[in-house]
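The letters A, B, C, D, E and F name the chains in turn, as written, and every chain counts its residues from 1.
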Amino acid sequence: MFTDLPEPQLREYRSAVTDPEDFDAFWDATLAATRAFDLGLVVEPVDAGLSTIDVFDVTFNGYGGQPVKAWLRVPASATGPLPAIVQFVGYGGGRGHALEDLLWASAGYAHFQMDTRGQGSGWTLGATADPEGSGPQSPGFLTRGIDSRETYYYRRVFTDAVRAIEAARSLDSIDASRVSVLGGSQGGGIALAAAALVPDVAALVAFVPFLCDLPRAAVVTDNEPYKELGRYLAVHRDSTARVFDVLRYFDGVNFARRVTAPAWFSAALMDPTCPPSTVFGAFHNLTGEKHIEVWPFNAHEGGGTFDQALALEFIGEVVARTR
Amino acid sequence: MFTDLPEPQLREYRSAVTDPEDFDAFWDATLAATRAFDLGLVVEPVDAGLSTIDVFDVTFNGYGGQPVKAWLRVPASATGPLPAIVQFVGYGGGRGHALEDLLWASAGYAHFQMDTRGQGSGWTLGATADPEGSGPQSPGFLTRGIDSRETYYYRRVFTDAVRAIEAARSLDSIDASRVSVLGGSQGGGIALAAAALVPDVAALVAFVPFLCDLPRAAVVTDNEPYKELGRYLAVHRDSTARVFDVLRYFDGVNFARRVTAPAWFSAALMDPTCPPSTVFGAFHNLTGEKHIEVWPFNAHEGGGTFDQALALEFIGEVVARTR
Amino acid sequence: MFTDLPEPQLREYRSAVTDPEDFDAFWDATLAATRAFDLGLVVEPVDAGLSTIDVFDVTFNGYGGQPVKAWLRVPASATGPLPAIVQFVGYGGGRGHALEDLLWASAGYAHFQMDTRGQGSGWTLGATADPEGSGPQSPGFLTRGIDSRETYYYRRVFTDAVRAIEAARSLDSIDASRVSVLGGSQGGGIALAAAALVPDVAALVAFVPFLCDLPRAAVVTDNEPYKELGRYLAVHRDSTARVFDVLRYFDGVNFARRVTAPAWFSAALMDPTCPPSTVFGAFHNLTGEKHIEVWPFNAHEGGGTFDQALALEFIGEVVARTR
Amino acid sequence: MFTDLPEPQLREYRSAVTDPEDFDAFWDATLAATRAFDLGLVVEPVDAGLSTIDVFDVTFNGYGGQPVKAWLRVPASATGPLPAIVQFVGYGGGRGHALEDLLWASAGYAHFQMDTRGQGSGWTLGATADPEGSGPQSPGFLTRGIDSRETYYYRRVFTDAVRAIEAARSLDSIDASRVSVLGGSQGGGIALAAAALVPDVAALVAFVPFLCDLPRAAVVTDNEPYKELGRYLAVHRDSTARVFDVLRYFDGVNFARRVTAPAWFSAALMDPTCPPSTVFGAFHNLTGEKHIEVWPFNAHEGGGTFDQALALEFIGEVVARTR
Amino acid sequence: MFTDLPEPQLREYRSAVTDPEDFDAFWDATLAATRAFDLGLVVEPVDAGLSTIDVFDVTFNGYGGQPVKAWLRVPASATGPLPAIVQFVGYGGGRGHALEDLLWASAGYAHFQMDTRGQGSGWTLGATADPEGSGPQSPGFLTRGIDSRETYYYRRVFTDAVRAIEAARSLDSIDASRVSVLGGSQGGGIALAAAALVPDVAALVAFVPFLCDLPRAAVVTDNEPYKELGRYLAVHRDSTARVFDVLRYFDGVNFARRVTAPAWFSAALMDPTCPPSTVFGAFHNLTGEKHIEVWPFNAHEGGGTFDQALALEFIGEVVARTR
Amino acid sequence: MFTDLPEPQLREYRSAVTDPEDFDAFWDATLAATRAFDLGLVVEPVDAGLSTIDVFDVTFNGYGGQPVKAWLRVPASATGPLPAIVQFVGYGGGRGHALEDLLWASAGYAHFQMDTRGQGSGWTLGATADPEGSGPQSPGFLTRGIDSRETYYYRRVFTDAVRAIEAARSLDSIDASRVSVLGGSQGGGIALAAAALVPDVAALVAFVPFLCDLPRAAVVTDNEPYKELGRYLAVHRDSTARVFDVLRYFDGVNFARRVTAPAWFSAALMDPTCPPSTVFGAFHNLTGEKHIEVWPFNAHEGGGTFDQALALEFIGEVVARTR
C-alpha cells in the first residue's frame, strides 16, 4: 500500500526544513580543513579474474586525511580518458567485493565506487575505518556524533565523497570534465550532498535517496535506519531542537538548493524506508534541469535495474553534450 | 542461530529418499518426447547499452516444444568458441533484465541464462509462459501439477533445462565440450537435475540448492517456498503418500546419484529456506569429484559473491583440464 | 482499528474504475464460446453419512467445456422443485468436504456449491483443475494469465459460475426461477459477476466481496491476496496500464452496473483483506434494490453467521415474492 | 515444521504428571456439592429458520447451581429417543449462534452443545456468566482462580460438563445409554475430563485436546493459551510448585487414567497450540479401547472435517454396539 | 512514526463522548454502598531490608467491603504528618514488590501504592482478588462485567481507589489535606477517576492515561489492551450501543469534567497503546488548572523518569501552596 | 518455552572457549597503560529533589584517560564510610536519570553507577563519549573495533569498570574493603570482567549476564545484541577465526576462571537474549564460593526485583563477614 502521500500531493508538498545562514561557510571550512591533507591516492591493480574489466584497489585520504578505500573498475579495452561515475553505497554496505557492480564499467565508464567509513558489515563488505568516536548514540550511524555539526558522522562521509570525486578526477584514465555522481538510498543522499559541494560534476543520479527532509522522515516512518533518529530522541528527550539544528547542515533538502548539475531522481510510492515525500522534499528544491521517476508499486527497491537503465541513458545523454 | 543440524551431524546425515526403479525410464521418455520437437533456436542481438558485453535475446523450444526465453551474454571482444555457463534462476525470478548478472560474461564465459516458465514476477522479470494448467494447488509452483509425475511442474522445467544446454551447445560461439551448469537455490536444484540428465556437462555448481530431500524439507522448515508443500498436504490430507511418490522423480537426492561431472556445492548453517541437511542429503549422494563450502553464519544468501568467486575458480580449473 | 475510510466517507466514496465500451461484447463472446460446449452435467449421490441432507457429487462443463466439480445438498425430505442457492467459495478454498456448509440445505434450499478451478489447497479441498497455463505470474491466482483479458484466470472462473447457475437450473429438484447466487470474499466477487452475467437470478448476496475496485485495492492494503497484484506490478514495472485495462473487464465495480436482481452486501470497517471502500465502490454502482450491512468492529470475517442469518432472511423474503 | 517430537518418539513418550492420592475424593466432593442443587433444566424452542433441524435454547444449573446455557439441535423428523453427542467448545468461544455446527444433528444425533462459562467473546458467542471471581491472574481463563484447586476455573467448567451430560440424559428425546462426549482443543480437554467423571458415557472423542500434560505444555510452546500459564509463573516466581500441584487435579493425563469408554483422539505434528506430546501424554494413559489419528502436516486445525467424519464413523460404530 | 493526529490537531480535537444525566447519581450510590462497609484498615511493617524507607503492608476494604492490598512507603526519618501520593498501577501489574517504586518516598512523600484487583500477573505482582465474576468476556479486564454499569470491572476498581485515598487520609503519618493521586497508563486513568470522585485531592497526575475517550480508542488502535474492546464487539455484534452506553460511566472524558484539583497530564505522539487524541479528549474537558506535557518521539513510555521528575516539581509546588 | 538446554543439561554443559596464554599479560598491559593517566575524579552534588538520598554527578578518567560519567547515590543520613555497590548498566542504556535506581542507596549502600561509553541512547540516558573510532562494524557496540583485541570496544569498557572501582574506593564516604560489583545483562558481563581484573572486590553479582561463551552465543540465538556478531560474520565471511580469537580476551568464560570473590549469578530458562547455557558456561568456570539462581519461566528479565532482593541478602551477608 502507499506508505506516504499520493502522487498529486507529493507534487505539491514542500519541505519545512530551513537553510542555515552559515551553511556554506560551515562546509567551506570543513572542506578546506580536509584539503590541507594530501590526497594520498594509491591505485593498485587487483586480479579479480575478469577478462572484460580491470579492477583496481584504491586508497585516498578523505576527511581529516583519514584513508578511505574504493574500487576502480575500467573496461579492459579502454584507451584514453573515460567519462566516469563515482558511486556511493547504501546504508550498512561497503564498497563490496571486487566482482560486484560490474554494470557501469561494462557500459564503458570508469567506475569509482567509494567505501563508506565504518559501514560495510551489513550486506556488502567494507574496508574503511571511521577513526572518530562519538558521544552517546543509538546503534547505527545516523546519530553518531550528533552532539554537534562538527562531530556528526555524515560531515566526515560527505567530505570523503568530495575527496573521492577529486581522486577520480586526478586519474589519467578519467576525463575530469565528465565525472557524474550516483547512488541509491544512502548512496543517493551522499551523491546529492557531493553534487552540491562539487557543483561542476557532470550529472547527479539519486535513486530513492536517504538523508532528505529529516524532521519529516523522523515522524512518518518506523523503518530503519530513519528510526535510529526517533530512538535517540525518545531517550534524549531534551535534545530535539539541538539535534534538528545540527541536521540542517546535512539535509538533502538544503544540499538540493545548491546543485546545478542536471539531476535524475527516483521515488517509490510504497517505500517505507525513504518515504517519497522526503525525496520530493529535496527534489522540489533543485533549481536546474531535473527529472524524477515515480514507481507506484515499488518499495525501497525503487526501479531497480530499470532505474539503472534509465540512469545510463540520462548520463549518456548528459555526457554526450559535454564531449 | 543454526536452523538445522550442526556441521558434524550434517557430515553424517543421509537422506531417506529412495530411488524409483523406473526413474531413468521416466526421464528418458520425457526427454525423448520433447526432443521430438524442433529446438527452434532464435538468437537476436539486443542493444543493452553495454560496451564490453554483447547481449542476445534467445528463444528455444523447451518441454513439449513450448517456447522458452533466455539471455546470452558474450564478451564483446570474444573470438572463437568460448567455454559457457548455463545458469538457472532462483524461485520466483525470471531471466531478469538484460543489464543484470554481468559477472559470468565479464569473466570470459558465454553466459546462457534460462528463464523459468511461469515465474519471473517475484523479484526479477520473466518472459516465458507455462502453458500447462494444474489440478488444485497451493499458490506458487511447488505443487503445480503435483497430481502425477507426468503433470508436475518441474518435469517441464527440468526438461527446459536440458534443452537449454542443448541450445547453448548448438551455438557457434560456444565450445560444446566446455559447458557448465550453475545456479543458486531453485537454480541450483535445476542445475543439479540438468547435470544428471546431461551427464557430460563440464561442471556443476549449486549454491544452497532447493528441491533436495523433499520429505525432510517439508517438515524441518516453515519458510517459503518449501512451505507450499506443507500447506498443500495440510489440506490434501489423504495425498501424502502419493505426493511423496511423485516427488521422488524430482528430488535432488536422486539426481545426485546420477551426476558424473565435478560438482561444487554450498550450504549455509543459518539458512531457513533451504536447510543445510537437505543440501547435504543430495551432496552425499554425489559419487564423483565434489566439494561443499559451508557458511556457518549465513542464511539463504549463502556465500553470495564469495560463492561466485569460488565457483569461477572451480569452473576455471575444470574447464582448463578439458581444454 | 479502522483499515479504511470511516463510514460517512464510505457512503460518499465513488470508484474511479471506468466501464469499457466493449465490456458486454467481450462477455457475450466469452459465454457464447463456452456454451458451444455441452453442459455435460453429471449428478451422483454420495454417502456422506447424513440423515437430514442428501449430498450429490456434481460435475458439469465450465469454461471451454472443461469439467468443474460441485456439491449439491438437498433436504432429505424434499419433494418437488426447491428454491436454490448457488454458492461460490473464498480465495484458496474449494468446494470442501461433503460434510461442510450444511446451513443452506438445512434451511430448505437446494445448495449448489461450485468448486473454484485450480484452488482448493489453502483451507478447504478442491477437486477441479484449471487446465490453462499462464505467462509469468505471482504465486497465486490473481495474476494468472493477466497478460490479456482472453487469458485472465477469472475469465474462466466467472464463466464457470454462469454455467453453474445453468447447471443448477437444469435440475428437476430446483425451481429455475428461484435460484440465488451467494458467496463471501472471492465467493462474493464471483457471485457479483455471475449476477451481472445472468441478470435474472432471484437474488445476489455478497459478503465482504473481493475483486472490486481493483486499482484502489492494489494501493490501500498490503494483505493477501490483493497484494499479489502489487507484487506483480512491482516487477512488471512497465505493465501497469495494460494490467489495469485488462482488469476493467473483471472488476466488480463494472459488474455491479449490470446487476438487476435484489442485492445484499456486507462490509467490515476493520477488514484489511477486502477494504470496505472497495466494497462500497461496487455497491454504489448497483442500480436496483440493494442493502449493505456494515460491521464496525469486524475484520474480514465480517458478520460471520450473523451475515448468513440476515442473508437467509433476505433470500427468504425475495424468494417468497417470486413464488 | 514439526513443533514437537517426531512420531516415533511420541509413541514412546510418557508424561511425568503424577496422580494425587485424593484426586477422586476431590472430584467426588465437588460433584456432590453441585448435585445438591437442582438441575433446573429449561428447554425452549428457537425459530432458527431451519427446516431439517429443530433448535432449542437450553439452560441448566451447573457448578454451584449456577445457570449454564446450551443449544440442543435435533433432526426435525426425529421420533423416539436418539443417540446424543454432548459437545464442548474450544478456548475463547461459546455455544455460538443457533445456526452453527449443524453437522451432528444432520447426521441423526441429538446435539447438545454446552456453553463455556465466562468465555464466548473470542470467536463464537457465549451467553453464560462465570459468577466467581479470582485472585490475581493473567488475562484469560487458564490462571483464573489458580490459587487453589477449590477456586480454579476449570473445577467449575468440568462440573458444568458433568451436569450437561446429566441434563442431556434427562431428556425424553435422548437415549441416556447412548450419550457420547466430544470436543476439539479446550472442548477435547473438557470432554476428556467429563468422560472420566461420568465413566459410562458411550464414547469419548477429543480432537487435538488442550489441558493435557500441563507442566510440559508450559515449557514447550509459546502459543496462547498455554502461554497464560508461563506468563503467570514468570511473575508469581515463588508459586511454581503450588500451581503445578493444583493443576494435577485438572490435567487430562490424570483424567485419562479414569476413562473407560472407547476413546478416539487426534493430534497434529505441526500444532504449536496443543503440542502433540501433550496429547500423547494423556492418550498413553487411557486403558481401554482407544485410537489416535495423527496428522503430520497440520497445525492446530488437526484433521478438521476429516476428524469429524472419522469421529462420526467411530461414534456410529460404538453406538451401534450398544443398541 | 506518529500514531495519531499531529499536535496542532490534538490541540483542536474534542471528544464526542457525552455525559450521562445520572452519572453523578450512579457514582454517589456506588460509593455510598461501599462506604457502608467498614474501611478495615490494617497497616503492618515489613522488613524490606531498606534503611532509608520504612515499608508497610496495607490492607483496606474496597468495593463491596472486599479486601484490597497496598504498600505504604515512608521516609525512615519522617516525623509528623507528610504530604502523600496515592499511586495506581498500569494494566496487568499489581502493587509489585516491596522494593520497587522507591522514588516517591525517597522524595519525602508518604507513598501509598494501591494494588489493582485481579491483576498483578503480567509484569508486577498483585495480591488482591477480584471476587466478582463476569458474563462472557474477552481475556483481560476491559470487558469484564461489561454487561451492565453495575457489574463492570472498573466500577469496583474506581471505588477501591476512592477508598484508598480515604485509607491514606486516615493515617496519622499522612496530612489528609495534602494527598495527591498519580498514575501512568491504567494508573493514570484510575487517578483521573479518583480525582473526580474525591474532588478535594491536592493534585492529579496522569501519565499517558488509559481509559479515556473509549469509543475513539476502540477504533484508532489495534494495541492491547484497548483491543480487548474491539475483540469483544467483533463477537457481540449486536451489543455495541449497550457497551458504549455502559462505558460512558467510566470514561476519563466524563471524569475530567468533574476534576477540580490542579492536574498534570502527559501524552506521547508515537504512543500506540493510549493514542494521544484519547488523552487530549479527556484533558480538554478539565476545567481547572492544568498542564499537558507532549513527548513527540515517545511511545507508551511517555516521558518516563522525565515525567516523574516534572510531576515531583508540580506536586511539590501545589503542596507548598496548601501548606 | 525453553530457549536453550533444560536445567539438568545446563548443569553438565561446559563451554569450549579456551584461555589464551597471554590473557593476563594483555590485561595487565592494558590496565597499566590506563593507570598512567590520572584518575581525575570529580564529584559534584546534584539537586535531584530527594530527601533520603544524596546524589552526586561523578566524572573520572577511564580507558586512555578519557572521561567517564557516573552517579553516586548515598543515604542522606550516612556518616562514616559505607559499603559500596559499583553497578554497570545493560546494553544500550547509560547511567540514566539521577532519580532512577534508588534501591541500593535506600538499602544503605553507597551506590556508584557507571555510565557505559557511547551507549545511553536506547532506554536510559548516557552522558559519556567513546572517543575511539572503529573499522567496519555492524550497527551497535558488539563488533565495534573487533579488528583486533587492542581496538575492541569492550577493552575500553572493562578498563573503565576497573577505574570505576578504583574511583569508588578512593572516596572517603566508601569503605574500600567492602566494594562489590553488580549488574544485569551487559552490566553483569562487565561486573564479571571487573571482578576478574580487580580480584579483591567484596562480591560479584551478575544477573543473566551478557558477554559469556561468545562462540556459542553467536549460534544459539537470533536475538539482539548477540545477533550483531552473526550479522558481522555473515558479511566478513573470512574473519571468523580472527574474530573469535579476539573475543577470547573478552569472554566471561575466561574472566570467570580468575574471579576469587564470592559470586551470585542468575539465569533464566526462557531467556532468548542471554541463553542460559552461555551463563552456565561462565558460571561453571568460577572456582570460589558461588551460587546460581535459575528462573524457569522467565525470559531476559530473569528474577527482576526478586534477583535484586536476593542480591541484597547475599551482599549483606558477604559484607557482614568482612566488617
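Just so it is clear, contacts are C-beta pairs under 8 Å (C-beta built on N, C-alpha and C of every residue); 3 or more make two chains touch, one makes a residue touch a chain.
Nothing here was measured: the structure is a model prediction, and the numbers come from that model.
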item	value
Contact-graph separation of subunit A and subunit E, given in steps at minimum	1
Common touching chains of subunit F and subunit C	A, B, D, E
Homomeric contact subunit D-subunit F: same or different residue positions, threshold half	different
Identity of the chain that, by mean CA position, is farthest from subunit F	C
Label of the chain whose CA centroid is most distant from the centroid of subunit A	D
D-E or B-F - the one linked by more C-beta pairs in contact	D-E
Averaged-CA centre spacing for the pair subunit E and subunit B, given as whole angstrom	63
Inter-chain centre distance, subunit C versus subunit D - centres from mean C-alpha coordinates, in Å	37
Separation of mean Cα positions, subunit C and subunit B [Å, integer]	39
Subunit A, residues touching no fewer than two other chains	306
Touch relationships between chains, expressed as pairs	A-B, A-C, A-E, A-F, B-C, B-D, B-F, C-D, C-E, D-E, D-F, E-F
Parts of subunit D lying in touch with subunit F, wherever the complex brings them together	218-222, 230, 233-234, 237-238, 240
Residue ranges of subunit A touching subunit F (in the complex, touch as defined)	92, 94, 118-141, 143, 225, 228, 231-232, 235-236
Residues of subunit F that touch subunit E when the two form their complex	49-53, 75-77, 96-97, 99-100, 102-103, 105-108, 304-306, 308-309, 312-313, 316
Residues of subunit D touching subunit B in the complex	1-2, 269-270, 295-299, 301, 303, 306
